[in-house]
Structure formats: C-alpha cells, structure tokens
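Take a look at the structures below.
What follows is a pair of complexes built around chain A, which joins chain B in one and chain C in the other.
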Partner chain A sequence: MFRLAQRIKFSGLAPSRSVRSLFTADKYPVKRGNYSELNAEDIKYFESFLNSKDLLTDKKDLDAVNVDWMQKYRGQSKLLLKPRSVSEVSKILKHCHDRKLAVVPQGGNTGLVGGSVPVFDEIVISLANLNKIRKFDDVSGTLTVDAGVILQTADEWLRERGYIFPLDLGAKGSCQIGGNVATNAGGLRLLRYGSLHGTVLGIEAVLPNGDIFNGLSTLRKDNTGLDLKQLFIGSEGSIGIITGVSVLCPPKSNSVNVAWLGLDSYEAVQKTFKLAKNALGEILSSFECVDRASMEVVDAALKKHDMEAQQPLESMHPYQILIETSGSNSEHDEQKLNAFLENSMENELVVDGVVAQDEGQIQALWQWREGISESSGKWGGVYKYDVSLPLPVMWDLVKAVENRLIERNLQSKTDSTKPVYATIGYGHIGDGNLHLNVCVREYTKEVEDVLEPFVFEFIAKHNGSVSAEHGVGFQKVHALQYSKDAGALKLIKEVKNMFDPHGIMNPYKFIE
Partner chain B sequence: MFRLAQRIKFSGLAPSRSVRSLFTADKYPVKRGNYSELNAEDIKYFESFLNSKDLLTDKKDLDAVNVDWMQKYRGQSKLLLKPRSVSEVSKILKHCHDRKLAVVPQGGNTGLVGGSVPVFDEIVISLANLNKIRKFDDVSGTLTVDAGVILQTADEWLRERGYIFPLDLGAKGSCQIGGNVATNAGGLRLLRYGSLHGTVLGIEAVLPNGDIFNGLSTLRKDNTGLDLKQLFIGSEGSIGIITGVSVLCPPKSNSVNVAWLGLDSYEAVQKTFKLAKNALGEILSSFECVDRASMEVVDAALKKHDMEAQQPLESMHPYQILIETSGSNSEHDEQKLNAFLENSMENELVVDGVVAQDEGQIQALWQWREGISESSGKWGGVYKYDVSLPLPVMWDLVKAVENRLIERNLQSKTDSTKPVYATIGYGHIGDGNLHLNVCVREYTKEVEDVLEPFVFEFIAKHNGSVSAEHGVGFQKVHALQYSKDAGALKLIKEVKNMFDPHGIMNPYKFIE
Partner chain C sequence: MSNKLKILVPLKRVIDPLLKPKISASKIDLTGLKFTTNPFCDIALSEAIQLKEKNSNLVENIHAVSIGSAKSKEILVAAIAKGANSASLIETEKSVEPLAVAKLLAEVAKQQKSNLIMLGKQSIDSDANQTGQMLAALLNWPQATFASKVEVSSDGTSVEVTREVDGGSVTQKASLPMVITADLRLNNPRFVSLPKLMKAKKTKIDTKKIEEFGTDITPRLEVEKVEEPPVREPGIMVNTVEEFVAELKKRGAL
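Presenting the complex of A and B:
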C-alpha cells in the first residue's frame, strides 16, 4: 500500500540575490530616532577592549549584516561588533546606553520579519563569537550554552549523548539559540515538547545599561520571585541581549516514523488530526498539513533550478499531511502507527500515503515540507503571513485571500504580467499555526491593498494571532493592534521603557 | 512477586486546630506599612456595588480567612470581599489603589508559606465566587475558567470529556486554579506535562489600579509582544489579581499504571530513575521518592488517629519510590513497565515492589505518598523546606540536617521532651524537587537556629532553589538572597513597583 519516499535536494534554493536594494528607511515611512551618531571616539572606545577582527567597519562586512535573509529589509549600519564574552557585551551596551547609541542584536539573521537588521545606522552586535557549549547534565538533560551556538550544532552534540534539542526548524543550520529564544521560535517539535516558555530553564542577558541579568538556572522548579527570564523569551532584542541559555532537553527517541498522507478535503484533515491524537497519543510529534498549491510551488521551484524529485504521492491531493511519531519502542510505535493508518483509511479520511522506511526517506519527506518556505520566494518575492487561527477556519483564510486576488485579476501561474504567481497555505495543524504565503513576481501596492488589512481583520475576527511564531520585528509592528488590545500594548511599552529608558534596543520594531 | 496494594484512608488528618493563635505581626519582626486605615466610607463604597453577603465583617467569617491552612500565620483583617465578576474586582482594586488600602488576594488558602493571609489589616479579596468554567474546545483541549474554580472540579469536568488538567496536587479538593497559577504550583504531573509557564495559554488579571489585563488567549502560539502573562504565573498576588485562566489540557490517558518499589540506597534510586527514563520514555508520568522516616511518620500518624493501614511493602526499605506511567495503549504500557521492573530487579536496584491492579489500588498507593505532608504536622508542627537541588546531593541535605539535630540532642521519637520528632525527606525526583520536613512537638528558637541559615546555605552552595514549588509568601521573603542575586532581586522589585506603585498588593511578602 505505502510506497517508499524518494530523496530530494533543496540545497541551492537560497533566495536570489536580486534587485531589492532599496533601504528600508526609503521604502517605508519611518523616521530616525533621536539617537547620537557614531563617532571616532566611540570606535576608539570599542577598540580599547575588543579584538580588532571583532570590530568591523568595511562595507563588505556590513552589507552582509545590513540585509535580512529575505532581502526585504536593508539597513545602513556603519559598525559591526562581535564580542567574545558576556563582559564585552556588557561594556558595549553600557557605552551605547550612556551615549544613546541605538543597537540591533543579531543572531543567525534568519528571521522573517526584519527584526535582526538595522533600519538606520544602529550598531550591529553579533552574537556569533559567543559560541561555546557551557555544560550538560546527562541525568536531567539540562544543557547550558552561549547564545551564539548554532541550533543544529547543539542538536547534533546532544544526539551523540542520547538527547535532542526541544526545538527544530528549517533554519537550524544557521540560526542561533540566543536568537531562537529571543524570538520564541516555534518550529516543528512544539506539538510534542511545548514552547520555549516551558523548556527554557534559565537565561543570562545583558540589560541595556550594561548590567548582567544572571538568571541562568538549570532547575526545573524555582519559585523565588517573578520569573523575569520569561520576559526575554520572545522579546526580540527589545529589553536586553541574551548571552546564555539553559534548556531542558528531551531524550532522543529510539524510534521515529514519518508518514505522508493524501486527503481530499480539509474536513478530512481535521478528523484525521483528532484520530491521530487519540491513536498515537504520547508518540505523536508532528502533524503538518500542506495544500496542493504548496506542493505545486515546490515542484515548479525545483524545475526552475533544473532539479526534479518525485512527489511523495502519485496524485496531487488537495491536502497532504506529514505525521511524525517519536517513541521509545519501535515495535509499539509501528503497531500504533499501523493501527492509526488502517483506521484512517477505513474511515475514508486518508486516500493515499507513504511511510518512510529509513532515515534518508524520513529526511526526504521532511524536505518536501521544509522546502515550501524557500520555494515560495522563487518568483521574485513572497508576502508571508504566519498566523494562529482556530482549526476550523484556517483554510478559509487561504481561500478567501486567493479568491480576492483572482477576482481582482492579480494572480496567474502562466501570465507573467500578473503580480501574483500563487497563493499557498501550509502549517503546523497541531499548533493551530498556518503559514499563508502569497508568491509574487513583484511587490505591488495593488496586491498589498488586497491583502491588508483584510488578512489582519480576518485574524482579529477569529481571535487569532497576526504572528504565531515569526515574531513582530519591523514587519508586524503596525499590526499588533489586531492581536493585542490597547491596554496590553501600553503595558508592554511600559515594561520596555523600564528596561530600556533610552530606547536604544532594536528601535523601530516590536513595539512602537 | 508483586502484591496488591491495600487502600488506606487519610480523611480526618487535617492539622489540629491548636494553640498557635499568636498574630503574625506579634511573632515576627514586621512593621505595618504606611497604608490608609479602612473606614466607614470605604465600606459604604464597597456596599454600593457588592451583594451584601459578599461583604463580610463578622469576626467568625474573618477568622477563617485570617489564618493559613498550617495555622502558622494569623492576620488581623477586618474585611472580606467576595466579588462575583471581573468588573467588581476591578472596582475594588481601583478604590484600594486610590485610597492606598492594602489587600491580600485569596484563593483556596491552601498555601504553605503564608502567602494568602493578611499580616496586618489588609482587606481579603476572595476569588471563591468567580467559579465558572467559561469555555472548552474539545479538539485542541484548551480550557478557559474563572480563577476561583477548584482544581479538582475542573479536573473531573475535563475527565468526562476525555481530558485532564495538566496540574495535580494534594490540595486539589480545595485549591483554586487562579491560586495555582499565581503561585506557579508544581505538583505531581510536572514531570510529564511541564510547568504552568508552558501549559497556561492565557491570563486575565486586574491590575492594582483597576485596569483589566486582557491576556486570555487560547492560542498555542502567539508572538505579538512581550509575553506579560508569564509575569503573573508565580507572582503571588504581588502585581495584580488573576481572574481568568486558559490552559492547554492533555488528553486523559487510556492506561495508567502505578508501581511502589523498595530500594536499599539512594544510589539505587538515582540509577533506577535513569533506567525508568530510558525504559518508560514518553509514558513515565511520575517518579516520586520517599525515605523510611517518611513512611514511619505516616504510619505513626495513622495509629495516632486509631487508623491503620498495611504498608505498601512488607519491609521498611530505606527508600521507596512511586512510579506512574500514563499512556494511550494499556498493552504497550504494561509491556514497557514489566520490562523496566524486570530490568531493575535483575540489576539489583529494586528489591521489592507492588503494582496496583485497579483504580482503587492506584489511589491507595498515591495516598501513601500524598499523606506524608499532612501526617508530618501531627506532632505539633512542622518546619517545611521545599527545595530544588541537583539529584546527587538531595538526600545529603536530609542527612546533614538530621545529624545536626541529633548531635545537639534535639530529636527523639520516644522522648517527648525533645522538640523534634523526626526529620524526613520525600519528593519529586523527576523534577529535582525535595521536600524536607522537620516534624516538631513545638516550634523553638533552638531548632530554628540549627536549621537556618544552614539549610539555605546548603542550597545556595549547590545552586539550588529555596523554594521549588511552594513559593515565597511571608515565610521565604528573607531567604530569596540564597537563590537570586542582588541584581535579579532589584529588577523584580522594579517590575513590582511599576505594576503596583502604591505597594498595596499582598504586602510584607514575596519581595521586600
């Protein structure tokens, strides 16, 4: 019944380094804050304690950190600092605080909302040189790392010791753990291991005034005062710079299974989700759904690059789901998975499917899912919406958006004069998180007017979130009102001001 | 090999309503803050919008809320308010803020650190009348409740719908969910379902100035701004009053197994824990350890009340552990449990054991574990330390304390002129959380001097926490320095002051 999955390769699918070189400050109506300008004295001071190769002012070096991964936002920073210790971070921030110099902390710069690049001339503080694994306890599974450790590095290091990192996401090869925590990254394991608010046990951070917040506990339980570390999780560099993180890591599963299934309707997807929760219970670790348009976009993106890969299923079903189980006993897990698959086919929910037979096939199936994000930018650009919505209405949003674009004659796969190539939906059903991507040939005001505020209003109407896991950054700062009321926003602003009275931390973003 | 467990009854083991009637303010060196005194105008204002039976000034009514469950702390409040809506809570707090009247929020008043009772004449605001289940989504398992809903009520309500509350603890029959969240209760399911920082999805709270913080989201993912609801989790009434909570509830397990095992050494306990994590993996839901002294205390407490119950095991092993598994497939779970038990006995880690054969036996075994807390107060009083420590040194603390008491000739089971009856240790091995109880015939300065600061210094030396799950309250406010550095405490104080500039919220506690 179930065929083998074929391995595909997505390497080389980075976004094309294109013409979108306009400065953020020229593209968007934003005014430089009342910050000091960097001068020779500042540089001299930084040189007094930083290694010369950790202080960079060359255009080439700055070009790389001024632009985000999507090449949508471009800042004009003149200075990149790469401290090698918490004390260096502290000295830098204290000086910037005293001098009122704006800064932007930068991890792997893999964010999707323009949160990690400057808007004007903010000093870029890279955490890349804080990259040591500090300690690990192999009974409790608590890991303590510098903020700049690459997620995949930590995960591989843990796997050799029988554990995994509780977070996994497409950018794992370049994103840094400090950045993951600062943006409260969600990713592919949240359904099973929960959010970072639960798994992060401790945080060390440098406050805007240079003080060091020493909250790097490795205790699972600690009820001694307000849990301030929680504020840093998802703070996007607005109240300090995370320099160290300790996290509770789950044991590596002895047995991992991945199935890719075809379904005819979104109703069947929802029913299958309920069935999976029941039948797979504690071993269900992912339940991802992609629509036909998503799979077509990956297919076309591969062809565009003269690559080809067999689709996981023979037919292009309207909805396809990836189910992953992770457990401690392969025999038990297979029994559970088989019972679930039989049940879902008997109930005519699932109409076709493959189960990965080895690690390579597991990765191949995951690449189909993870490749969507990269593929969707291949026609010139992509409007990305990362939303939380109640399960029943998730794909109503995708359809409503596509209908609006088609009605206004803005979308076509074949007619390259139309700005929109395709409207696709995919996401983490298990977390109530949908990614709506509008793949465009060019960014136009006409398309934007169709999308906004329509998308945000739809979300607000259903009490969803305008940012499920990508964060706010520069992109969503004006959309917060659709997910938070004025009182909550005021309170956030007050807390931000308390921590950062001069407003030097990652300005123009997160909170106005 | 494994015998059946016999059911015992602990009902009636409430702490004896004894002579400890001294006011907290007379027993401890604490000075009334510069708050206004309640006057007739205030009462008149509260009467203007509260139902008359929700405003209580009778001594009898106030006696019940002025004293904590342990009868260790006794306040002198003259007014108990029991609002029935969020808007009533808001009006009360706004008035108290404007008038500078101190308040103490009270849930089920089951706390163990004197956090929920007044110290001087604070107005008691009970959440008992906010007791509705607001809504439930049976696909995602998200439950929204008023703060005053009793934990057990919610859990039973959920069980009928195939779910459970992610938190369980001994006081479940009277504690309230708002109080659980305000104190970041840990309890018996944390090993499996994680802390409330991960499972609580939303909080509605009234701020000290009467503003309503509307953070009652039911989304699993929402990255729109600082996650302020996290501050309320474990805030112990210091920054506002929680009025509503939404929480992610796990599905009820089809299969629950409980085993009670005897071990000869603490080294064997640690090895068995590692073995259990490996062999039971995702179905391990509790790993509790009690020492011989704990079991003897329960036994003696039962006899004291002319009750008797067969100990779970024939011999009084130095360490006994309760292991619970919760899974979706009883056959698989039993196989895993049996393999683990065989392995642990073959390796000579476990020397005796019973496995519960039905729900009644499961509860009976749990009662042995849960009965310790109640039993330990039966000789007059108990010094309770609820600490987080690294696993290897946990029982070093218990032994060190007992040795100090014996060396100073302060402890004896038979000689009733000695202040200390027994020193016992029990706790949640899986969470790194030890309960050290010193059961006393009377509270004496001599014993206190042996215990403190010795216990706190031991904890600080091992980077533990002086309060793992009980919180700070009145009792631990001077011990925070052993678990948090001055910078962190200063920051907590600043956040507290920002939320509560007049300091009316639960004064004399939590943070100085």
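Presenting the complex of A and C:
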C-alpha cells in the first residue's frame, strides 16, 4: 500500500458510545398499537421450522438489532428471526398476520431515520441469511440476488465479471440490497445510472398474509398491467418483505477520473455544474459538493483518533466539489476532463484543484467525501436532514439553520457546554440533494426546537422534499405533510391498508 | 566544489499499483490499464521537493528524468507541476534492464552536473531493487538505500540518512555527491495542484532517443514464464483439540 489513503480507515468512526439512547417509546410521544403479545406458543411454532441458530431471544443478540446505527432509536424486541428461505419468511409472516403480531424487517440496519429498528416489541425479521447471488446474465447485465446480499459483495462479484452495481453509497460494506430497494436508496452515482425505480427490473416479496408476490422479472420492457414492483421500491417494509431483487447492471468503466476542486462561492458551484454537464456529458458520473465546515469536521474527527490525512487542497475554500467521470476510453475522457477544467479555471469559477493521478488518489479523494457522514457523529450525535431542494436555495438552508443556532447561542466548536459543535452541508448537486448535518454533543430538546419545524417549513416553502434518499422511517413520519398533500397521504394509507389490513408491518413509521 | 545541491530524480512510469493486471499466455496484459509514477519514485521526488522548499538556498535545481515511451512525458509534466525545475525523457519502446538504466542515468547525472541522485528503492512492476546500487557503483559515489529520513547539513556538504533495516533503523552519514534510494515511510506525496499542472503542460520536455546515448541496452535476462501465485486453499474448521491434532498429524505437521 503506497498512499496515506490506504492507512486511514474511516469505517472506525461510528458515532461515539457516550450518548446512550433511551427507549424510543420513552423519548417520543408514541403509543403501542393494539397488537398481540408474543407468547411461548408463538416461539414454539417458529421453532418448528426454523434452525435453532436462526431464532434468538438472548438480550445480547437483541441489543444489536434493537438499536439503529446512529444509536438514536432503541426498541424493545424480544425475538429475532433469521429465515434462510423465502418459504420461511412466508410462514413467519402468515403466523404474525394471523396472530396480529407486529414485525420489523431488518437488512444491514444502516438506515438513518429509525426505520429498521423496532419501536416497541415488534419481532425483528433479519434478511441476513438470505444472502445468495441467484443468477447473472452476462449479456444483458441482469443480476438476480437474495435480498440479504451485501451491496459491496454484489458489486465486487460484478466487477470481476466486468460489470458494476448501479447503486453505490457510503454504507456499502454493511447495507443489504433488499434494504436499499425497500428504502429506495439514492447514493453517489444516481446522477449517472438513475434511481432504483429505473434500474430494478423485478422484485420478489412476501406479503403480510404469507402470499409470495413473484415479480422477479428480468425484462426491460413490460407493459402488462400495473407495475406492482414499483410499490415495493421505497415502501420501507410497510406492505411486505422484499426477498429477491433483479437489477440491471451497467458495464464497469475502464476509465475513471476524479478531480477535487476549490470554489469561492456557491454561485460558482452552480455555474461549474452547468459547465460540467455540457462539457462532460455522458461521462459525468458524480458531482458532489461539500462546504468548508464539512472538511473541518472530517479533519477534526481524524485528529481525534490521532490520524491525519492530507487535505486535497492547500487552502480551505468555502465550497469544494468532487467530479468523477466514468467512460470507456481513458485518453478521450482525460481530454474532455482537461478541456472542462481549463475552461472552468479560465472563467475563474474554479480557483484551485487536484486531479487524482492513480487509483490510490481516487480512493483518497472519495474518502474525504464519504468520510463526512461518519465523522459528523464523532462529538456525540448528529441531526441529519436529507432533503431535496432547488439548487439555487440549497445552501440558504444550511446558512439559515446555522444562523438560528448561533443567534440562540447554542453552537460553538471550542465551548463544550454548548450542545452544537458544527452545522455542515454536503451533498449530491447533480441530484439536487443536500445533506444538512447538525453535529451535536448531545441530543437536546432545545436544539430540536430550533431545527423543527423550521427545516421542514423551509423545504415546504421551496417545494422540496423532506426526504430525498434516506426515507421516512420513524424520524420523518410527522414531516410527510410538508412534502405530500392530504390527498396523496390518504392514497398511500389506503394502499398500505389493502396489503396489510392488520397493520403488522413496520408500524409507527412511514405513514401515520 | 559548489555547496548547492543539484538533485537528479529518475522516474519510472508503471501500472497503477492498486490495479491487478491479467496474465494471459505467460504475458502480463496491460491494455487499457491506468499508468502512473512508480510510488517509490514519487516519494523520492517528493523528498527532493521538500528539501528545496525547506531550504531554497541549499538546492539549486531538481531535474526529473524518465526512460520509456513517449507516454512517460505525462509523469514528467506532473513532476514539474509538483516542483521539479526541468525534465527530460530518454525515449524508447523497449524494456530496459536495471544495469542499462543505471548506465544511462550515470550519463544524465554527468550532463546535469548532479551531486545528489534521489530515486525509488525499486519499481513496483519489476521489483528489481538494483538500479540505485548499480548507479552508485558506476559513479563510484557513496549510497544510502531504503531511506526513511534524509537530512542535509546546513552547509550542504553532507547528508545524514536514516535507513530501514531488518529489526530497526541505521543512521549513516556521507558527503556529497551521493545516491539515495527512498523507502515507503520517507514521506507521503501530495496531490498535484491543478493550476500548476496546467502551467506545467506548457513546459518543454527535452526528449532524446535512447540510441543517441550509445549505451548497450541489449537485454541480459530472459523471461521464461509468468504465472499467478497459487490460490490459497480455504481453511477448515475443527471442533475439538483432538480433531485439530489429528488433522496436523495427517498433514505431517506433527
């Protein structure tokens, strides 16, 4: 290994354990639904067809699945089931449906809105044991997998065969494809390969009554009837459990280039984006923007762990962008990229920058971008808002939130008695998606009151979305009204009730 | 003798170290793969530049040189962007062995009137680890290989080098002129600044054909075959100590 990049592992930077979350049920005004309680008969029934290793009731085993990745939500489930086949999933759900036992499906548990952990005593159904790659067609690039296959495993498997998975995101090492589809994850390359609504060709799912929906098509075109699989994409476990997915995979690009650029204003970021779209066209695969505060947070998080990495640029510009191109001809791509870079520097949009010289530097630059999310939790906790907004007002939200916090004397980097450490913004300019993170030393009501409903009202005013790619989960269930009108909410509710008349699927979340 | 350092940094263009080329028909297939500066050469260059930045009075110039195809110009342009003063290319499509490389570099060192040569300890493609040592012998200069720290005396007449050796490090001192080969821990090369890279592209790179040097580059080595290392067989799980011992006995390890 030849670069510093390889010696730094951002993955060690999970949120600090100092903030032990209370039970979600004690922290938030939520009441247990009218569900049955789990009894010995239920366990006995599950034991009749599940391997003993796949039925867990130990507190130790349940602790890990009761808490979300950010340690913000803590459920009280007494049972974890890890089925090994679609028919096992079906038997479990049919029983729960008949008995009116609430369940929560769980993939890699990397969600950021509390959607994958129980709120009360819901049974956790983990898809981790459904982890086979089912088949791959080398000509069309269609891959069919079990829901529990880890995203990175699938991507590496495909890369060996000259293809890639069309989705890529920071949590790829632990998140599962079923969970990605159930939450309609967006990620880093949506700009190039589109959303899962386009790349997913088929879905197999178990409905709450135990029926198996076999929509595992590998056809690109199919105009027969309603496109039911679309209902499951982004359904967050509210209408069934996805057990299998077929997805259209693009060929691996032979030539990948990454540039990291420094800009002095958000105005320049927008102009550079326009220029990049024109100059790079079909090879532009990522256009990410991070602000100075984000870079400072990563830097400080690394230093906290006695690690240090070279900043991409010598001076801290207020806005920094990462541009990635993926194409088939390296000389051709480099020519295009160089022309674009020359142009943007001549126009004084870009004031400084670096271009990765090799794969090691490509990875190092991406780590600066991908490391932000993990670094942001290092001071105790983080309020994450993942929003869609029109590009011109995107960073107005970051500034408005930071001003509110400073006005109320709640934010300071040096004074540790203040609850907020920093307010940072980063995101996918190419998709109009901003991540607003408020890094806090502790989760407090005072800060929450400053943030909400202010953030949601700001979004509603600009016709944005309160959740661009993280989903609704438990966190945003009350905020849906800011993005969807009453008619749409009613329709979602009716669809949910049709699939799940007893309301056992992932309750207290997604839709009120 | 002038006290000013005239540093020569040889650079080799190699396959991106993180890529794994395919082997087909006993040949390494490099088509379509990304190439870059050999990481150890990059570390040597980076050290030379840092010496210059720390003490500009001490270093008169840094000259980067590469032996290879016309595409090696790319890494020389990057070297200038990083801070080398000038660069030259000895152009050839042939593969050149360490001894011939050392002879050519000795020639360049004479032309450039270099008094310090800083190069990578080895290239990551051929892993020969010979060029620096041969070069020192041909020039009859002192050498310090596997450097992890380099300190030039304030008057610029001698250099103290900490070298990585088995089980620790050795610090040696020699007077100039000398040859230093860089090890991994010497420094972490920086990213190349884009504005400087744009400017560097306009710099002229002095290019000569390898034949103009009159050095004998006929290969002395013959590659018989190239093959992948054997794939490691997956381990097995044993449940008891007895089973473990029995398994060891079966395999003749006990």
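Simple rule for what comes next: the second predicted complex is superposed on the first by the 500 of 512 C-alpha atoms of A that agree within 3 Å, B and C clash if a C-alpha of one lies under 4 Å from a C-alpha of the other, contacts with A are read in each partner's own complex, and residues count from 1 in each chain.
In the analysis below, a contact is a pair of C-beta atoms (placed from the backbone, for glycine too) under 8 Å apart; a residue touches a chain by one contact, two chains touch by 3 or more.
Treat the numbers as computed from the prediction; the structure is a model and nothing was measured.
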| item | value |
| --- | --- |
| First, second, both or neither for A:V139, with chain B first and chain C second | first |
| Touching partner for A:E342 - first (chain B), second (chain C), both, neither | second |
| Touching partner for A:I429 - first (chain B), second (chain C), both, neither | neither |
| Chain B versus chain C as contact partner of A:D485, first or second or both or neither | first |
| First (chain B), second (chain C), both or neither touched by A:D358 | second |
| Chain C versus chain B, contacts on chain A by residue | B |
| Which superposed partner A:S388 touches (first chain B, second chain C, both, neither) | first |
| Chain B versus chain C as contact partner of A:L228, first or second or both or neither | first |
| Residues on chain A lying within both footprints (that of chain B and that of chain C) | 254 |
| Interfacial residue positions of chain B with respect to chain A in the complex | 137, 139-140, 183-184, 186, 190, 194-195, 197-199, 207, 211-215, 217-228, 230-231, 233-235, 238-239, 251, 253-254, 270, 273-274, 277-283, 326-329, 332, 335-336, 388, 390-391, 428, 431-433, 463-472, 476, 480, 483-485, 487-489, 491-492, 494-496, 498, 510-511 |
| Interface residues, chain A side, partner chain C - complex | 2-4, 254-255, 259-261, 310, 312-314, 330, 341-342, 345, 350, 352-361, 363, 365 |
| Parts of chain C lying in touch with chain A, wherever the complex brings them together | 16-19, 32, 34, 36-37, 39, 78, 124, 184, 188-195, 197-198 |
